[in-house]
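To start, the structure itself, in C-alpha cells.
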Amino acid sequence: MSTLPAAILSELELQSIELPSWAFGNSGTRFKVFATPGTPRDPYEKIADAAQVHRYTALAPTVALHIPWDKVDSYDDLRTHAEDLGVSLGTINSNTFQDDDYKFGALTHEDAAVRRKAIDHHFECIDIMHATGSRDLKIWLAEGSNYPGQADLRGRQDRLHESLQEIYARLGDDQRLVLEYKFFEPAFYHTDVPDWGTSYAQVAALGDKAMVCLDTGHHAPGTNIEFIVMQLLRLGKLGSFDFNSRFYADDDLIVGAADPFQLFRIIFEVIRGGGFNHPDVAFMLDQCHNVEDKIPGQIRSVLNVQEMTARALLVDTEALRAAQLSGDVLEANRIFMDAFYTDVRPALAEWRESRGLPADPMQAFAASGYLQQIAADRVGGVQAGWGA
Amino acid sequence: MSTLPAAILSELELQSIELPSWAFGNSGTRFKVFATPGTPRDPYEKIADAAQVHRYTALAPTVALHIPWDKVDSYDDLRTHAEDLGVSLGTINSNTFQDDDYKFGALTHEDAAVRRKAIDHHFECIDIMHATGSRDLKIWLAEGSNYPGQADLRGRQDRLHESLQEIYARLGDDQRLVLEYKFFEPAFYHTDVPDWGTSYAQVAALGDKAMVCLDTGHHAPGTNIEFIVMQLLRLGKLGSFDFNSRFYADDDLIVGAADPFQLFRIIFEVIRGGGFNHPDVAFMLDQCHNVEDKIPGQIRSVLNVQEMTARALLVDTEALRAAQLSGDVLEANRIFMDAFYTDVRPALAEWRESRGLPADPMQAFAASGYLQQIAADRVGGVQAGWGA
Amino acid sequence: MSTLPAAILSELELQSIELPSWAFGNSGTRFKVFATPGTPRDPYEKIADAAQVHRYTALAPTVALHIPWDKVDSYDDLRTHAEDLGVSLGTINSNTFQDDDYKFGALTHEDAAVRRKAIDHHFECIDIMHATGSRDLKIWLAEGSNYPGQADLRGRQDRLHESLQEIYARLGDDQRLVLEYKFFEPAFYHTDVPDWGTSYAQVAALGDKAMVCLDTGHHAPGTNIEFIVMQLLRLGKLGSFDFNSRFYADDDLIVGAADPFQLFRIIFEVIRGGGFNHPDVAFMLDQCHNVEDKIPGQIRSVLNVQEMTARALLVDTEALRAAQLSGDVLEANRIFMDAFYTDVRPALAEWRESRGLPADPMQAFAASGYLQQIAADRVGGVQAGWGA
Amino acid sequence: MSTLPAAILSELELQSIELPSWAFGNSGTRFKVFATPGTPRDPYEKIADAAQVHRYTALAPTVALHIPWDKVDSYDDLRTHAEDLGVSLGTINSNTFQDDDYKFGALTHEDAAVRRKAIDHHFECIDIMHATGSRDLKIWLAEGSNYPGQADLRGRQDRLHESLQEIYARLGDDQRLVLEYKFFEPAFYHTDVPDWGTSYAQVAALGDKAMVCLDTGHHAPGTNIEFIVMQLLRLGKLGSFDFNSRFYADDDLIVGAADPFQLFRIIFEVIRGGGFNHPDVAFMLDQCHNVEDKIPGQIRSVLNVQEMTARALLVDTEALRAAQLSGDVLEANRIFMDAFYTDVRPALAEWRESRGLPADPMQAFAASGYLQQIAADRVGGVQAGWGA
C-alpha cells in the first residue's frame, strides 16, 4: 500500500487539470451570493489565485478564461502575467446568456441580428484565443425556453447548426470548438443542447475540430455518465470534461464530493477508452465555491481527481478481463472495488515530497498565509462574480 | 358543456388565491435576471400591480409580503394603500437566507447569537402581522449544508425545534405559523426541512397554530404530491399551498403550465379532503416570471387555478365511488378524466361576464394599457428584485 | 367547438396505431402477475382480441408479433386468420432476454457462440417477416450489467455494432430495423442502448434502413421527450414509437394516462416535424394492462392517441409562429394550451358515427358481451403471458 | 492504519445483520428469472445456506422468514434446524401482494372481507412469531393503484390505520411491528405507504411497539436518506433497516455496490443518533441476487456493511465538531472523507483471523466447495423463488 507502481506514477506526472478563472470569484444561488474577503477584483488576481493551486499541486498548469468576465486590455500582458506565475492561459469560454438581447436565445434566436451579435461574440473569442494561445473555444449554450409553445424547437436547432458552422469556419488550424450540453437551467422547459446526443449530432455535422464537452453535473437523475464517456471516446468526439459534483441538479460542488465512486467509474472509463493523458480530452474543473474557501476548494478538487485517477489506474485490468470473460460477477466487481477502496493517499503524499511538492498541499497552502494576505491586500474595488 | 352547475359556481365564487408581492419584481436564475420596463420600485407599486390581477379576475383579494423586501415605514399606510386598491395584505414571509450572518444557517445555526437574530427577525415579522392584520407567518427555511460532514444534521434539527418554539410562543391568538419544506436549493447536500414528514414532525411538536405549507415545486422527481395533500389534510396539518409548476427542480413556473393534470389531481384531493374554501388551507402563488410579463403572468396563474378547480369540481364523485367499489379501473379513470378533459373555459367566461368581470381577463388587461403606462411612469429608481 | 375542420378529420382518417399482441396476454410485476378470465391462450386468440380494438375504432389495423411468444406453425395461416378478422400482421419483435444463454448478454455477449445464436434468432425473425409481410424488425436490447466492473462497456458496444451489421445485411429491400433504447431494466447498472444518442449512433452506422424506436417510457426522470422527437425527425432517424405512459420507471401504463399534456407535446412535435401520417414513423403501443381489462385498455389507448392528435392538429400554428416571433411568451403558450384544453371528444364522437363507427367505442365494446364470451369460451389451456 | 482501535473492534464484535431467507431463492425481473444450480427447494435449505454466511463472517446470526414462502409444518423443528446450524430465526415478513384477492389492496381494500383475510394473515404471522421466537413483524405494503381515479386515497389510508390497529393489538408484549415504506412498485400511480412521513404517521398512531422500517432502495431519486435516518432516530421511531443498493428504482443490488459513500453517510448517522448496536434498530438485508451467486452475494453484503461501519466509526467526531463549530467547511468535509477513504480491510482481515474466522471470507467460502456440493445434491424438486 505504501507505494504506487512506477508506471502509474509516471502517468500521474503527466496529468493536468485546467482551472476556471471564475471559480476564484464569488458565486452563489439565485437567492444569495456570499462574498469572501480577498476575492479577486480582476482577471490578474484570479490568475494569481489559480497559480497558487498549481504551485502546491503541480496539477493545474492552465487557467480557462470566460469572456466577457475576463476581458482585459492586453491579452499579451495577461499571458505574460500568467507565465510569470508559472501557469498559462487555456480554454476560452463564451457567454451568450447575460446580455439583454439574449433573453430568448443567442445562436438560436429568431432574429438574425441577435444571432449575428452572438456569432460575432464568438469571433471575438477566437481572436482572443489567438492572443492567449488557447486551443479550445468552449460553448455552453444556456439557450432554451420556459413554456411549451414559447419556442419552435426545430427551427432553433437548425439555426444553431448554421450559427455553429459560421463559428467553426473561423477556427484556426490548431483550434477546436467544444460544445457543452446541459439537461436544464437556466431554461426550464427546453434547452437547445440538453444531452450528449444533441451535442454529438451538432458537432458531427461540423467536422473534426468540433468535439463534445461533458460536464459531470449536466445530466438527468440516474444517468450513467461513464457510459457516455465510453460512447463519446468510441465515437472519437470526447473533447473535454467539466468536472464537478452534484446531489440534485447542477450543484457545481467539488468534484468527487457527492459520489466519489461515480468519479472513479468515470475516470476508469476514460483510461479504458484511451482518453487519459490524450491530447484530445481536456480535463477541466467547473465549480462554484459558494460556502467554502475558493483556492483551497480548487486544491481539494484537483487532489480529488488525482487520487481517483491513481485508484482507477490501480485496477488489475487483466484479472478484471478474466473475471468478465468467465461471467464471475462478484469477482469482477471485487477487483473493481479493490482499486477503489485502496488508500492511495499515503503513497501520493510520499511521491509529492519526492518531487519537491508538499506532502499535504491543503495544509501547506493554509500555512502559507496567502488567504490572510489577499484579505488584507485586496481592499476596495468590486469583487469578481458572475455579473462582471 | 356551456354552463356549469350553480353549486359549482357558488363554490368558485368563494375561491381566493393570494398573490406574492415578489412576483411583481424582477427574478431570474443565478445566471441572469432580466429586467422589464415598469417593474415596481417599492411595495406600494407591487401592490398596485397585484391589485390589477384582482381587478380583472376577482380571484386575488390578498397580497403576501416578504420581509425585509417589503419593509415600509408605515404598515398602516401600506394597508390603507392596499384597501384603496381593493385588496388587503396577507401572509408575512420571513427571510433568513440573505444576511451574511446566515451563511451557515439561521434558526438552526450553531451560534446562539445568530439564532437570536433570526428569531428576533421573526418577532419583527409578527409585529408587522399585527400591523397588517395578517394571520399567517410563513417560514421557508433555506438552511442546510453543501458538503457531507459540514453540518451536524441532528443538532440542527433540535435547534430548529427550539427556535420555532420561541417564535410559536410569540404568535397572537388568531395567528398561525406555516412551515414550508423544500427538497433542495439553495443548499445542495442537506436541507433542514426537506420533506413534508420533517415539516409535519416539527409543527406537530409546536401546537395547533402551526401548520405545513406545501409548495408544489419542492419535491423529489416523481413524487405523488396529491398523496401528500391527502395525508396532510387527514392529519389536520395542511396550512397553505405555494402554487407554481416545474419540469425539473424548483422552476417556479406558472401554476398548471408544466403538468396541468397534476394540478387537477392536487385540487381534486383538496376538495376530497375538505380543504377547498376551508379557512385552514390558504391558496397562494409563489412564482418567478423570469421571461414573461409579470402581471399577466399572475392573471394567467389565478385563471389556471380557477379553471382547474372548476374541472375538479365537475368530477362525478358518486359515479366514481361506484366504479372504485366495483374495481372497475377503466371506468373510474374515465370518470376522473372526463372532468379533466371538459372545457370549462366558455362557461367560466360567461359566468365572469355575468358578474361584471371581463370574459377574457388576459385580453382585457392587455387592452387596458396598464403595462405601457407603468413602463412610461416608473422611470428612475431601483427596480425591485430579490436582492432588495 | 362542436365540429373539427375537415382538413383535420381527413388527417385523422389516415391515422393508424399498431397493437402489440402481448398486451392481450397477462402481464405484471416481478411480484405478481394477476390472471384474467378469457385471456388468450395462443397468437390466434390474441389477434382475435386485437381485431376487436380495430373493429370499434378503425384505428388499429395491424398487430405486432413477438418471437418466440407468437411462434406458430404457419405464418401464412396466421396472416389469413388476421385478414379474415380485418387486421394484418405488423412489426416483428425479437427477444434476447429470456433464454438462459442470454444471462450476460446476447448481441453483445463475450462469447461468439451466444452472439451467433442471438443473430440467428434475428435471422429467423426476418424469415418470419417475409412470411407475415412485415416491414419492421424491432430490436429492444434488454442487455446490460448489474454491477460496476461486471462488463466491459466498450467491448459490448463494439460487438453490438458487429452483430447489428450482420442482421442489417440480412434485411430485405423493403424491410427495416428499428433499435429501441431504454434507460434501465432489466439491467440495473448499465444498459447497452440506454439513450437515443446511442441508438442513433448505432443505426447511423448501419445505413438507411436502420432507424430509432422511441418508447415513451424509457427515459430518465424529467427528460424532454418531445425534444428527442424533434431531433430524431430532424436527423431523419425516427422509425417508430412505442406509446405508453409512466409516473416513475417503465410503468407501461395506458398512453396519456400519466401525463396527457406530455402526450400532446409529443404529438405536436411529430406533426411539426412532418412525422405524422408519414410512412417512416410507425405509431405503436407497448403497454401492460396489469390491473385493468386488456381489450378495453387498448381501445382506451388508441382513443387517447386519436383525441390527443386531434388536439395537436388544432394548434393555430400561424398564430403560434407570430407569437413566437414577437417574443410574446404568454400568448404563444396560450395558443398552445388553447388546443390542449379544447374538448374534441364530442366532435370525434359525431365523426365516428358518420363513418359507421360507434360514437363511444368503449361503451359499444362493453355492450357487445365479448369479454363475457371469451371468459366462457376460453377454458382450459395456458393463458399467454411473457413467459410463453 | 494497520490496526483499528480496540474500542471500534469491540463495537464491531457486537454487530449483527439479519439475512432474508428469500435472498437464497431465485429472483429476477418481470422479464426473466434466471435459475442457478443448487438453489434451495425449501426453508430448511435456505437456512442452511444462510448459516454459511454466518459461519464465515460471524456477522449474520439470524434469518428472516417470509410467510407464506417459508411456511413449514413445524416451526419448532425449523427453529431447531437453524440452531443446529448456529443461527436463529428472526423477523417474520408478511405477504399481501400475491393472492388474487389482493389485486386492489389488502389491509386497505374496499371490501371488509378482503381486509379480514389480510389481517388474519398477520395474525397467523404473529402466531408463527411466537413459535419461532421472533420479535419483529415486518409489513411491507405493496398496495396502491395504477391509474388516477382508480382508488380513494384517503379512504385507503383510514382503512390502513384500522387494519394496523387490529394487528397491533394482537402483538405480544415483547413483539413489535415495523412498517416499511416504498416510493413505487408494484403500484405505479400511488402507493399507500410511499414515504417515511406516512409510515411515521401511521406507526405513531399505533403506539410504542410500532416502528418504521427504512429500506435503502425505496426512495425518490436524490433523496437524502441519512437525513431520514437522523430524523427517525430523533423521533424514536427507527425500527429497522432493509439494506441493499440501487442506481435507478428498487434495484435490490448488493448493499454498498451502487454508492458506497451513501452507505457510509447512512451508517455514520446511525452511529451519531445512537442507533448502532442499539436493540431498537435492526440491521437486515433485502436484496436480489439476480445474476450473481447468492451465498457469496450475501457474504459480500455483510462484509460491505461491516467494512463501512468500521470506516464510519473511524470518523474523528471531536475534530469534526470543532470544524463544524468554526464553520470550516473544507476541514469538516476532509475529516469526514478521511475516514471514508481509509482502507480498513487489512485490519479487519487480521482481526477476523484473531477471532478464528477466515481473513477473507469470500475466498474461504469459495474454497469450501459448498456451492459445488449443493449443485450436486439438490437435484429435483422445485427451486424456491418469489412465487412459492
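Per-chain residue numbering starts at 1, and chain names A, B, C and D are given in the order in which the chains are listed.
Definition applied: a residue touches a chain if its C-beta (ideal position, glycine included) is under 8 Å from a C-beta of that chain, and two chains touch if they have at least 3 such contacts.
In UniProt terms the chains read A, B, C, D = L-rhamnose isomerase.
Quick caveat, the model's predicted, so the values are computed rather than measured.
Peer 1: Return the chain pair with more inter-chain C-beta contacts, choosing between A-B and A-C.
Peer 2: A-C
Peer 1: Superimpose the Cα atoms of chain A (L-rhamnose isomerase) on the matching ones in chain D (L-rhamnose isomerase) and note the rotation angle, 0 to 180, in steps of 5 degrees.
Peer 2: 180
Peer 1: Calculate how many whole Å lie between the centre of chain A (L-rhamnose isomerase) and the centre of chain C (L-rhamnose isomerase), each centre taken as the average of the chain's C-alpha atoms.
Peer 2: It comes to 40 Å between the two C-alpha centres.
Peer 1: Distance from the CA centroid of chain A (L-rhamnose isomerase) to that of chain B (L-rhamnose isomerase), rounded to the nearest Å?
Peer 2: That pair's centroid distance is 38 Å.
Peer 1: Give the residues of chain B (L-rhamnose isomerase) that touch two or more other chains, as numbers and ranges in rising order.
Peer 2: Counting only residues that touch two or more other chains, chain B (L-rhamnose isomerase) contributes 103-104, 145-148, 150, 183-184, 189, 221-222, 224, 247-248, 254, 257, 261, 291-292, 329-330, 333-334, 337.
Peer 1: Using the touch rule from the top, collect the residues of chain A (L-rhamnose isomerase) that touch chain C (L-rhamnose isomerase) in their complex.
Peer 2: For this pair, the touching residues of chain A (L-rhamnose isomerase) are 103-104, 110, 145-154, 157-158, 183-184, 189-191, 194-198, 200-201, 219-224, 226-228, 230-231, 233-235, 261, 265, 269, 272-273, 320-321, 323-325, 327, 329-330, 332-337.
Peer 1: Looking at the complex, which residues from chain C (L-rhamnose isomerase) come into contact with chain B (L-rhamnose isomerase)?
Peer 2: Result: residues 1, 221-222, 224, 247-248, 254, 257, 259-262, 291-293, 296-297, 300, 307, 329-330, 333-334, 337, 340-343, 345-346, 362 of chain C (L-rhamnose isomerase) touch chain B (L-rhamnose isomerase).
Peer 1: Under the definition above, what is the set of chain C (L-rhamnose isomerase) residues touching chain D (L-rhamnose isomerase) in their complex?
Peer 2: 27-32, 34-35, 97-98, 100, 103-104, 142, 145-148, 150, 183-186, 188-189, 221, 246-249, 251, 253-254, 257-258, 290-292, 386
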